[in-house]
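Letters A, B, C, D, E, F, G and H mark the chains in the order given here, with residues in each chain numbered from 1 onward.
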Amino acid sequence: MDVKTLRELLKSVASGCLSIDEAVSKLERLPFEDLAYARVDHHRSLRKGFPEVIFGQGKSPEHILGIMNAIARQKDTIMVTRLSPEKAAALLAEYPDATYYREARILVHESQPIRKINNGLIAVIAAGTSDIPVAEEAVVTATTMGHRVKKLYDAGVSGIHRLMDEARLLSEASVFVVVAGMEGALPSVVGGLVGKPVIGVPTSVGYGTSFGGITALLGMLNSCASNVCVVNIDNGFGAGYIAALINNLGNRDL
Amino acid sequence: MDVKTLRELLKSVASGCLSIDEAVSKLERLPFEDLAYARVDHHRSLRKGFPEVIFGQGKSPEHILGIMNAIARQKDTIMVTRLSPEKAAALLAEYPDATYYREARILVHESQPIRKINNGLIAVIAAGTSDIPVAEEAVVTATTMGHRVKKLYDAGVSGIHRLMDEARLLSEASVFVVVAGMEGALPSVVGGLVGKPVIGVPTSVGYGTSFGGITALLGMLNSCASNVCVVNIDNGFGAGYIAALINNLGNRDL
Amino acid sequence: MDVKTLRELLKSVASGCLSIDEAVSKLERLPFEDLAYARVDHHRSLRKGFPEVIFGQGKSPEHILGIMNAIARQKDTIMVTRLSPEKAAALLAEYPDATYYREARILVHESQPIRKINNGLIAVIAAGTSDIPVAEEAVVTATTMGHRVKKLYDAGVSGIHRLMDEARLLSEASVFVVVAGMEGALPSVVGGLVGKPVIGVPTSVGYGTSFGGITALLGMLNSCASNVCVVNIDNGFGAGYIAALINNLGNRDL
Amino acid sequence: MDVKTLRELLKSVASGCLSIDEAVSKLERLPFEDLAYARVDHHRSLRKGFPEVIFGQGKSPEHILGIMNAIARQKDTIMVTRLSPEKAAALLAEYPDATYYREARILVHESQPIRKINNGLIAVIAAGTSDIPVAEEAVVTATTMGHRVKKLYDAGVSGIHRLMDEARLLSEASVFVVVAGMEGALPSVVGGLVGKPVIGVPTSVGYGTSFGGITALLGMLNSCASNVCVVNIDNGFGAGYIAALINNLGNRDL
Amino acid sequence: MDVKTLRELLKSVASGCLSIDEAVSKLERLPFEDLAYARVDHHRSLRKGFPEVIFGQGKSPEHILGIMNAIARQKDTIMVTRLSPEKAAALLAEYPDATYYREARILVHESQPIRKINNGLIAVIAAGTSDIPVAEEAVVTATTMGHRVKKLYDAGVSGIHRLMDEARLLSEASVFVVVAGMEGALPSVVGGLVGKPVIGVPTSVGYGTSFGGITALLGMLNSCASNVCVVNIDNGFGAGYIAALINNLGNRDL
Amino acid sequence: MDVKTLRELLKSVASGCLSIDEAVSKLERLPFEDLAYARVDHHRSLRKGFPEVIFGQGKSPEHILGIMNAIARQKDTIMVTRLSPEKAAALLAEYPDATYYREARILVHESQPIRKINNGLIAVIAAGTSDIPVAEEAVVTATTMGHRVKKLYDAGVSGIHRLMDEARLLSEASVFVVVAGMEGALPSVVGGLVGKPVIGVPTSVGYGTSFGGITALLGMLNSCASNVCVVNIDNGFGAGYIAALINNLGNRDL
Amino acid sequence: MDVKTLRELLKSVASGCLSIDEAVSKLERLPFEDLAYARVDHHRSLRKGFPEVIFGQGKSPEHILGIMNAIARQKDTIMVTRLSPEKAAALLAEYPDATYYREARILVHESQPIRKINNGLIAVIAAGTSDIPVAEEAVVTATTMGHRVKKLYDAGVSGIHRLMDEARLLSEASVFVVVAGMEGALPSVVGGLVGKPVIGVPTSVGYGTSFGGITALLGMLNSCASNVCVVNIDNGFGAGYIAALINNLGNRDL
Amino acid sequence: MDVKTLRELLKSVASGCLSIDEAVSKLERLPFEDLAYARVDHHRSLRKGFPEVIFGQGKSPEHILGIMNAIARQKDTIMVTRLSPEKAAALLAEYPDATYYREARILVHESQPIRKINNGLIAVIAAGTSDIPVAEEAVVTATTMGHRVKKLYDAGVSGIHRLMDEARLLSEASVFVVVAGMEGALPSVVGGLVGKPVIGVPTSVGYGTSFGGITALLGMLNSCASNVCVVNIDNGFGAGYIAALINNLGNRDL
């Protein structure tokens, strides 16, 4: 219920078209309808910046398809993350003009062209080649949300000169997504070189005491660089999403 | 060494004022001087937005004082975090016009007036009264860096109506710092209500299986809200610092 | 041995039909027989409220069938939990009028109609769609024990308005089972809204630092709502079982 | 805002005393006022059963006193948990007719006589003498909420005959709070003997691999008795609170 | 109730001196009285081999004294473990002929002379000098239970020749208690050299990743020697107690 | 080299048949030969009580066969643990008169009849039906080492009357192996009932916070019964082995 | 860019062949080129001692082949670790004269004959037969880097006489790689016997509380021998690599 | 017993001065005496390179003094680590010419001048100022063992240009000790820059999820640089000791 609807309801009461009892009954559930309304309103503002997202892992293709159809009816961009190639094939049969990013494991269907954010640049940096799928998840997420992304891969400590060689990227980007497994030191190094927010994404890459990404996560949480914050292990989507929200702030068009 | 200095050095070589051997000698260490230079340059740009910071915990007052004097000589703002009242008293004797924020345990000395950032607003929200010291660390940090901060305390799940009552704050702020101990659910709740980046700060408040903040940290890392990133337990400074960097992006003056 | 048997035995002694030595011999093992008796008596009282239960995981179909037959001979309701569809098929061949709840992975065979508990209502609330199997385990358990259950699914933080919209359910139920994975915040939110006992069920839904449900478990154990207690990860059966025992207390017929 | 207030507002609109714009303005914040209202209403219903509670740990006496005064103004029962004797002395100076339960570390001030719940019985059982303070926290909590409590202490495995000797208590109580440290096996044993809900409270009693209560907690979570749920380590208050809520269900007067 | 009492009760029934109702009433609680009886009987057999033991840690001197008096009334040996020198002094004032073993932190009072077990020998071996208090706890426990004990201290890996030099001890002892902190390798080494049961006692000696004895515990649990079993960290009492029970088996007098 | 060999060598020196240089050369390596000898001697004493054992897990059938042949040449009993049915089939083809215990996953080949230990009795008790394979590993191990074993299965807390009903077993056995998963409470209960050593074997049976047996292990390590020691998770072999070594002590024939 | 190149550049400036602007442009990126240069120089020195290494796990054969070709173009030795037999077969088809060490899971292709290091000896000692693959990884690594390696396998605590029998190896080697799973005690034992650096390699061999190698790792980190340092679980490559670097120090030819 | 003693014993046998029985008796314990001998011999070779070391923590001054006197009688260098200033004062009263290194908490007494190792250089690098005490422990250890040490402190990621500025140190040293707390990334960075062995020392510096050094330890164990090995948390002594043993290898005088 928006303000206009509320105003009309009150007019009906004022004009006697609506009894007080009926109005009470309608307004009784208003807090929740209003809350729902706020969410809808919020959704609308959100829709300007990013699409609704379906977490594909653990859902059946039928289940995903049902949600996709509901979103499509709203003419929203559809984005499905953590989607295996097998499930993607099933969905592409229904949405043939959707795009499946195999490495990022994301399917995107643009119900209408994505509005580009021209301000700012998001840098996505990955330490090792095994970290690339997680980095790509961030890249596709931010790109689908309309943002410009530059990526720099295989820039771990053993290739740190490559990172330093990218002086322009380091100075140009407004926010950094830094993806690393093993000891997870790369966000600290990047954080020490730049004056912008850095989102560290620990990956489950490694063996033995890498503990499926816990070591990388702990390394990033204890970064001696003050500008590093962290998301869950392998959560490239979350990092790309937050980076987009941050980059939105510098957007003169919003 | 900046580009101008480099150009003059080369001019001296071209004019014969500087022998090639002398130039080689000077340039040999250039990579590192240049790297240092890059840092100095970086520092200069950083200085526009935030001060250098001394981590006071585990350092003696004499040690801290030495670093403070070095910073003061550069006319920079001095900020000392994790500073006990006892140490603060010793430092205030030397810097009588410095301010000690007792709850935040931060000492600030403005060598020159802090430049205000007028764009944007940082919201700092704390779940319980025991979380306030960590929240204040974020508040003082961001304020000292020139940013506008509004705070909302005691807004945990049992007082969730207070949070929802602050609709204006929720819609107005450009970035959120949300501080919570125990189960650490508040960042998820705030994250579900807003479309801006949320920085979760787990605190060591709790007992038993709160494990000194680990439970709150894990809760935030696994937030079902996609816009939540996390810093180390009790790291109010880092959260305030990153929030300031994020809010800088929307600053038309930068 | 029940009181009646004991009384007859003593009568036989009094009448001289039973020698003192024989009576001593029979009574010597009484502690254990009595303990067994207590259990039988206890079982009888239990049978009024809920059936015996077979934990199906890790047992062969033959093994399960043997226990089922023993229970069937006592005309008790048979309930097998954690039962895979494959094993269920084998059991249904022998018990064709049993019901297999595929999502709950529970097989129920009513040797006689289940006695309905008309007082009270158990609410089973699940945060995400992936939590539904665990929630269904609680639903089928409590229903099989004769209780009224209402369920509310997909009511996580991102759909919190749906939860609030269910004001009637929140005020009507006498006990709540709240199922959530990831950060496990939902029991805290429900606990803050109601004045009834809340049984939190952490699920293994999530990835990375969800640690197979540990994060959700810890979140629930550290709930700032005082009315939340917790069962093991994915233990929907236990939650439904305890909810039924709690709801029994308000049963005027017991 | 309650229904009556809403009705009067609508009457004013119908009568023209209140312009539509003014009514819109008043109703705009209704969701949150209503939500607040719901909480107040909820509070009122809660007040029938239990008092508001102040978590004393980590709060200064002044801080606690401020909250106590606010509660006293509402004529509510004041209950302060986790209160050290030193702080209690300071509070008793202001509230001389309050009672401080030293072992439970709880201070209670009855602004008006506590209403007794005559139905049902809560059994509080402790394994070892070192577990008694946590058990007493549960006892005082439930008693202050008006419930009948019987306690059985020092009933661990090495004194299991004492437990079995209390057949009347085991059959009489409607809900059990079972407190144990070390291996935490007692709730399983009690759970196996009774057909009522059992709330296990792990305590931090033990050494070495008791890990400050984690071992007891894990033992209770993995109980082979299906009627055991668990609260946080040393959380006697929560257990007493939930036991009272459960026992309320059997209360014919509610 | 023992068999004799039971027989007399039955005689009274047979003779008509006791009504059947009265007999039922008396026998109703028999399971538990019998169980208690079984425990008393068990206690009696236990008393032959070892004394009742009071865990002194966390108990007040008054509390301990009360239990001591109860034991003294039964003419049993009193043994108090984990007793600080301060508490010991208070107890010695009441029991001046008791002995306080300062290093073992055990107080022993022989109400009657301890019966010596002449068969077998218990070897107590400690790795480092810091492990000696735990080792002494085992020594005093086993000695107080009447067993012969030989000890070998400072026999860690860096002094392994000392261990091997004690060939006679290694071949002579019937059971080994091996106490070690840090990496806890000593029980494995001893276990590889002897064909008798070895009880490993991890100690909290160490720093960093010794984790207060967890590393030593894990090392012992994973021993490649098959004859090593383990007790809790720092549990010298338990090890001495079990060693005595094992050594009892070879006692021809029992 | 045994004492006789040494004596002959010295005689050769005394008689001049062996030069001093040659004797030095032979004796130089004596420490290690002697150590080897000690091991051989130790082995011989061990052979009286138990066979050499091959840990089959992770070894190829060829590898196992090689070791088996080496043992067979010494006319020793062959025992292979953790052996899958597939590997067992391959080995049985070569050793057709060996016995494969499928549930215990142990293969035994008696090169000569196993010498029976007539003294003493080992009780092997298992809590749940899923714990039986681990219990059987202990049973087969102890039996193969010549000991009498009685077993009591499905005696967990929910069937505790069955345990208590076995009064004879509890009083007769000289050592107990108690196998339990989930909360691992059974060794504490048995330990409280008997005055003999109890070896707790945690199993990986359970789900969620059973953590593959860690909860059961911790429960046993923190047993309030003083006579419980513990082996690694699922280590039925080790428990049976140690029980046999303990039971050996009471063997009048040794 | 080396000093000579720099000197020539400056000469060109001095002679006017190079404009100041062009020189500035060339020198601007010098830090990074220099850093790169340093790496190249470093690489050259490294090439003398050991080859570049490809971590094969998680890379596709195509991916590995691409890197191999790049290395081959530099005439460097190719070494691929953690390579499955399936992938190795694919690579051997392209590089038929490469060698695949099946147990070590390493493929080596010598573009030119490996230069032998004649000084020093590396001892690789493994505790159990299951640890051999990790030990072989160290052996092949060090051998491929040109070093002499002697190996001693199956030298765990139960075969400790074999270790002591190898007095020559213990005194001859200049650095030790000691590989062990389970309790990981072997490096402590070796470290106590020798006065040279010992590199402990924990392996994931074991079950239950071996926790996939964590127990062995912790045991080695807490070694009471001061000359033991540690690498990640199963990291035979790293141990062989570091051992080679250490052995290089004694190489008179370097 | 050394070879000479053995030879004389055999001569006595040959000459009839020693009966065969007496010789057997003396030689029977030879393995262990020989093992002791091997240790003494080993000790002698050790004495060339480094002193015996007393771990001072947890030992009383009297205890330490006793060991010191024993070492002094052998004219060996005395080194006591982990020694508090209070204990040091007591020891200095007895050994007035000893030196107490306050920051390293080490006391050194040179019974005779330390023999200098002129080859090679050990670099000790510390990340933060709080890591310096651990670094100094390494420095004093290696220096006392006669080695040349250069140190570089406050060289963490935020001061990485200082590290790179020390190109000479990086290329000159033969082994590196790198000390870091928090995320522990410095050894990876140093390891990437040099071709020599790097010993990482994690420190307990940090807060929250630094977990007293575990995060730094895990970071180092998972280093993407292959030349990093690790010692226990805060184990500066061990690192200095191993660095000295490594540097010994390049010593032409040994």
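For this structure, a couple of remarks:
Please note the rule applied: a residue touches a chain if its C-beta (ideal position, glycine included) is under 8 Å from a C-beta of that chain, and two chains touch if they have at least 3 such contacts.
What you are looking at is a predicted structure, and each value in this text was computed from that prediction instead of being measured.
Looking at chain A and chain B, the chains in contact with each of them are C, D, G, H.
The chain with its CA mean position farthest from that of chain C is H.
If you compare B-D with E-G, the chain pair joined by more contacting C-beta pairs is E-G. Chain D and chain G have Cα centroids lying 61 Å from one another.
Averaging C-alpha coordinates per chain places the centre of chain C 40 Å away from that of chain F. Annotation for chain B: residues touching 2 or more other chains are 31-32, 35, 38, 167, 208-210, 214, 217, 221-222, 232. Pairs of chains that satisfy the touch definition comprise A-B, A-C, A-D, A-G, A-H, B-C, B-D, B-G, B-H, C-D, C-E, C-F, D-E, D-F, E-F, E-G, E-H, F-G, F-H, G-H. Taken in their complex, chain A has these residues touching chain H: 127-128, 156-158, 160, 182-185, 188-189, 191-192, 206, 208-211, 214-216, 218-225.
Within the complex, the chain A residues that touch chain C are 29, 31-32, 35-36, 39, 57-59, 63, 202, 204, 212-214, 217, 232-235. Chain E makes touch with chain C in their complex at residues 3, 6-7, 10-11, 13-14, 16, 20, 23-24, 27-28, 30-32, 34-35, 38. By the touch criterion stated above, chain B contacts chain A in their complex at residues 35, 38, 42, 45-46, 49, 53, 120, 167, 174-175, 193-197, 199, 217, 221-222, 226-232, 237-239, 241-242, 245-247, 249-250. Residues of chain G that touch chain F in their complex: 129-130, 160-161, 164-165, 167, 205, 207-210.
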